[in-house]
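In what comes next, subunit A is part of two complexes: it sits with subunit B in the first one and with subunit C in the second one.
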Partner chain A sequence: MRARGANSARLTARSVIPLVVVVVFLATLPLWVDDYWVRVWTGVAMWAGLAASWNIIGGYAGYISFGHVAFFGIGAYATAILMQPGLDWNFFLTLPVGAVVAGVFAFIVGWPTLRLRGAYFAIATWALAEALAQLVNTVDFTGGSFGLSTPGNAETGFFYYAMLIASALIYLIIFAVFERSRFGYKVKAVRDNEAAAQSLGINTTSVKLQAFVMSAALPAVLGGINAYWITFINPQSVLAGDITDQMVVMALVGGLGHLWGPAIGATVLYLSSTWLSANFGSSTGYIAMIGALLALIVLFLPDGLVGLMPRARNMRLVRQMLRLPDRRADPGPDSDTSRERS
Partner chain B sequence: MVRVTMQLLIQTIIDGLLVGGLYVAISIGFSLAFGVLDVVDFAVGEWVMLGAFMGVASRAWFGIDPIAFLPAVFVIFALIGFLVAPLIYRVRTSRYARPALMALAFTFGIAMFARGTMMTAVGFDPRTVDTDLVSGTLMIGGLHLPWLRLAGFLFAILSTALFMGFLFFTRTGLAVRATAQNKRNASLMGIDVKRLSAIVYAIYAGMTAMAGVLIGAIYSFTAQVGPQYSLLAFFVVVMAGLGSVGGVLVAGLFLGMLQALVTVYIGADYTLAIVFGVLFLILLVSPQGVLRRGLAA
Partner chain C sequence: MSALAVSDLKRSFGGIKAVAGVSFDVGVKEIVGIIGPNGSGKSTLFNLLSGTIPPSSGTIRLLDKDVTHQPAYRIARQGLGRTFQIPTPFINMTVRENLLAAAVEGEWRSARSRAEEVLAALEISHIADDLASTLSGGQQRLLEFGRVQMRDPQIILLDEVTAGVNPRLRQIILGRVRDLQERGKTFLVIEHDMELVRTICERIIVMDAGEIVFEGTFEEVARNERVVDAYLGRPET
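This part shows the complex of A and B:
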């Protein structure tokens, strides 16, 4: 216990300065850049939050969700529907509703699939997202393929801070739950060796399910803010499969299962995609590029960008995550066999 | 009136079975590639899409009828598959954490790359594969059976039979089945699992692309159609039980029928939702698939 305390104290001292710099930079941004860049950074904040939410199930729990856009879309539609004339809900009150609905959907999908191999979960989440997009396209109360508009006329700065605060809260929650609580250790234990975790009395399915519900509820909040921001949503804009693709790629590029990995991946990728579309304007080319990037990262840089930082190798967490050989001990029994059934 | 509705029902079921044959053709290689490589290939629908475009290209570039071009399609895509497979194998067996998850992400990346490239190259216009070799409709007792669909079904049966023959009557097929059961023991018996994975993946890519040509002749398609067929293939193998070849036959035909019935009696817009509902129920009740032979846990 003492060793861990000393270790985290060292970590804090080391990471406080960059953290302060980033916070000051983000908090004062609208004061010294123009509207366009405020909008770009609103996008960065949103994607950082989305990638981080995906990272809960993908990185910490070790199950790939290929349908996370469903939860983003549920949040967007919850906000849009509740803010329609006639219902006229307050914007802030709609956000928890979206989160709860997304959580319920996650529970329903996760319950049968999270006890099976990861492939079943990946397929089921993907099927959910596709089915949901088709259904929203068809039924009436979502406006069908025409979509819905939200009575949004707040200014750019409002959305920037709303998105920033929501994403910051998501990081705070993830930090508190997955880096500093017993529950976080349970989730990681289940990921690293499910049989061993089970033998220690952990209800593995329940732990995974809780992580997944959390991972689904958070992007719904961002989806709600996004719906209010872009003032008009339809299935193509908030339920498109490439939103999931981006979350996956951002988390992987940054560093799977690392707290700051998704933020780094989201910043790098979102800024470069903005630059690309401003200069070349082809969104289909971007899909091809992201796909190639995903394949290349998996092949050559499975630990993502955080793995490039020289100091990262000294961090206990990252070393555990990537199973880098410890300086003192061997990684132990072959790590492949323990994960063979995932 | 009763006669008419009865006839519609029979027609719908037959239409569904004919299409279901093609689903079997897509899914059987896919299921086996899973068994051997231990990776769910998210690019399965993209092989269908690329195959369909190859069918268009055979006519436009070489002036050969797409149906006659089928063997060449098989060779081309088997070659591509043979080159891609070692990469998947490398990711799947890497020493990094969670290779299974990384391999999923890898095939997902390949699928996105294929889709994005084709969307950039050919745009969004729907196309069909034109063929003169097969046309017209067979009429039996008031039932309409387009020859094209019959040919597709025939192709599906033939290729499935050939594939099963390969699996059960050749030494390589024996090695494939052994590897699907237990990789470690198979390699102890002197089977080169890496090379075998490449062979299986090559056959799977070739077969799926050939099925893609026929699907492209029956339905119109765009470069974005891949995920739709991936989803159908997933449905079939989940229902069959991942890795179970026998279940694929039942599940493929069932899916074709289900889809046809939903389209006629409920509405095409609800197909995916209902397919997903059925998928969900299957996972809930019998995750090892209908024949209970899959590897679920």
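This part shows the complex of A and C:
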């Protein structure tokens, strides 16, 4: 018992100490860097939050969504619309509205699409996000292709830094709890083997849907903060497909299905692309440099940068995803679990 | 009351009758073996009983409740646990996490202490923090059996649980099956290992071409002409 208690204490220390270090670093950062770097780290925080949210459905549940920008955009538009003159909502009250709308949207689209697997799910979610972008382009209350401005605000850059850093840290804590929670185990079990999960009493359809809703509601909050920060949004700025691409790449580079993976991926990629564009941005050559960096990571660290951490778990998520169709339940005679000799 | 009552159960895949009208009962605390040649429908029968695939017709009653056509997770919640012929560990989780994942639909507060008990009972405490993907085939079977125990079901279906398992692990599994039987659990066991079937099964169901061709004790099965023809074979004269 004592050994188990000691192990548990070591485990807690291993989880808490990095978090404390990160909190202290980020809390004191504005004291010792200039406004430029505060702005850069504001971007890091936003992308870390987005990649970590995507990691719920992509890394923990094993469903690669290429439509996650839709939820970011819904949050952005919810804030922008509710703050328009005439409605005049308080900024903070718009954030939960965006999260709820994104969650409901995820529930509605998740019900049919989560029955698909692998590339089919990825294509379906990409198509839905594109359809949403086209819809926003054509209706009046979103400002169509002209977009919407949020009311002018006198907030300083530190306000957005604090908002996005706080969101990213809260998300990290939520995901740390999620990882060890009953729900977290259900999601991971469904990812690894759906038939086995069902045989243990897990309602896999419901679990996938809950994970998708959770993964959708959180980016909406970041979308709302982003809309308030940049003061003007249109479909190109908050519903563009490359926003999802960046979430996916950051999570993959950092480490799929790991707590710290997306945050590490977002930090490394955002900082390196900022540095490369600042120093080599006179031509598009810096994009090739980012591509080369990604290629090196994929080649030598297939489990992402977390693979460099001591005692990092050597998972097989990327390999699992590349082998399509995967080990999920298939009630036919050829499924992995029912491919019987008898 | 039967633990499990199956009546005229059928399942076809296209023109192939994988299970062609199977009926049998299993009493509480009984250990029943299912044997038969490859392709006789044993594992398809398990998939039907556990809800992994729906039957074409027939009924399944579990602890006196009709569970026919219910999804696998509902049947599991009503007291049925199973292992698969091809082990299905959660490969990105450790051994301990696999056991915890098996407790998510049951009593969660005691899950960690129960996981330690199962680890100790199956003598796999030393690999508790290893990823399931790194285990040998035998250890994966043991782990899957451990997961079933974490669920604490009333009826346990074991599909070739000792296939490819070394003698030491085999003894651990057999000992555990007997322990669980004493604690009131019912077993339905698919096995090709006749020595094991003879040792633990009180009754044996013999299947061939999707049908039950004989039912009885091991000695009766061994003497039955049709079973010898279908499964055991005869020496060439």
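The definition used in the following text is that the second predicted complex is superposed on the first by the 256 of 342 C-alpha atoms of A that agree within 3 Å, B and C clash if a C-alpha of one lies under 4 Å from a C-alpha of the other, contacts with A are read in each partner's own complex, and residues count from 1 in each chain.
Keep this in mind: contacts are C-beta pairs under 8 Å (C-beta built on N, C-alpha and C of every residue); 3 or more make two chains touch, one makes a residue touch a chain.
These numbers were taken from a predicted model, which means no experiment stands behind them.
Of the two partners subunit B and subunit C, more residues of subunit A are touched by B. Once the two complexes are overlaid on the shared chain, A:A189 sits against subunit C while remaining clear of subunit B. In the superposition on chain A, contact of A:V23 is made with neither subunit B nor subunit C.
In the superposition on chain A, A:L169 makes contact with neither subunit B nor subunit C.
When the two complexes are overlaid on their common chain A, residue A:T138 makes contact with subunit B while staying clear of subunit C.
Touch criterion met: A:Q198 reaches subunit C, while subunit B stays clear of it.
With both structures placed on the common chain, the touch criterion links A:A122 to subunit B but leaves subunit C unconnected. Applying the stated touch rule to the two superposed structures, the overlap between the subunit B and subunit C interfaces on subunit A comprises residues 191, 336, 339-342.
Taken in their complex, subunit A has these residues touching subunit C: 4, 182-183, 185-186, 188-189, 191-193, 195-204, 257, 313-317, 320, 327, 329, 331-333, 336-342. The touching residues of subunit B, counted against subunit A in their complex, run 34, 40, 42, 87, 90-91, 93-106, 108-117, 119-120, 227-228, 231, 234-235, 238, 242, 267, 269-273, 275-277, 279-280, 283-284, 287, 295-297.
Taken together, the subunit A residues at the contact with subunit B in this complex read 58, 62-64, 66, 109, 112-113, 115-120, 122-124, 126-128, 130-131, 134-135, 137-138, 191, 241-242, 245, 248-249, 252, 282, 284-299, 302-303, 321-323, 335-336, 339-342.
Within the complex, the subunit C residues that touch subunit A are 13, 18, 36-44, 47, 50-54, 71-73, 76-77, 81-82, 84-86, 88-93, 97, 100-102, 104-106, 108, 116, 131, 133, 144, 147, 151, 190, 207.
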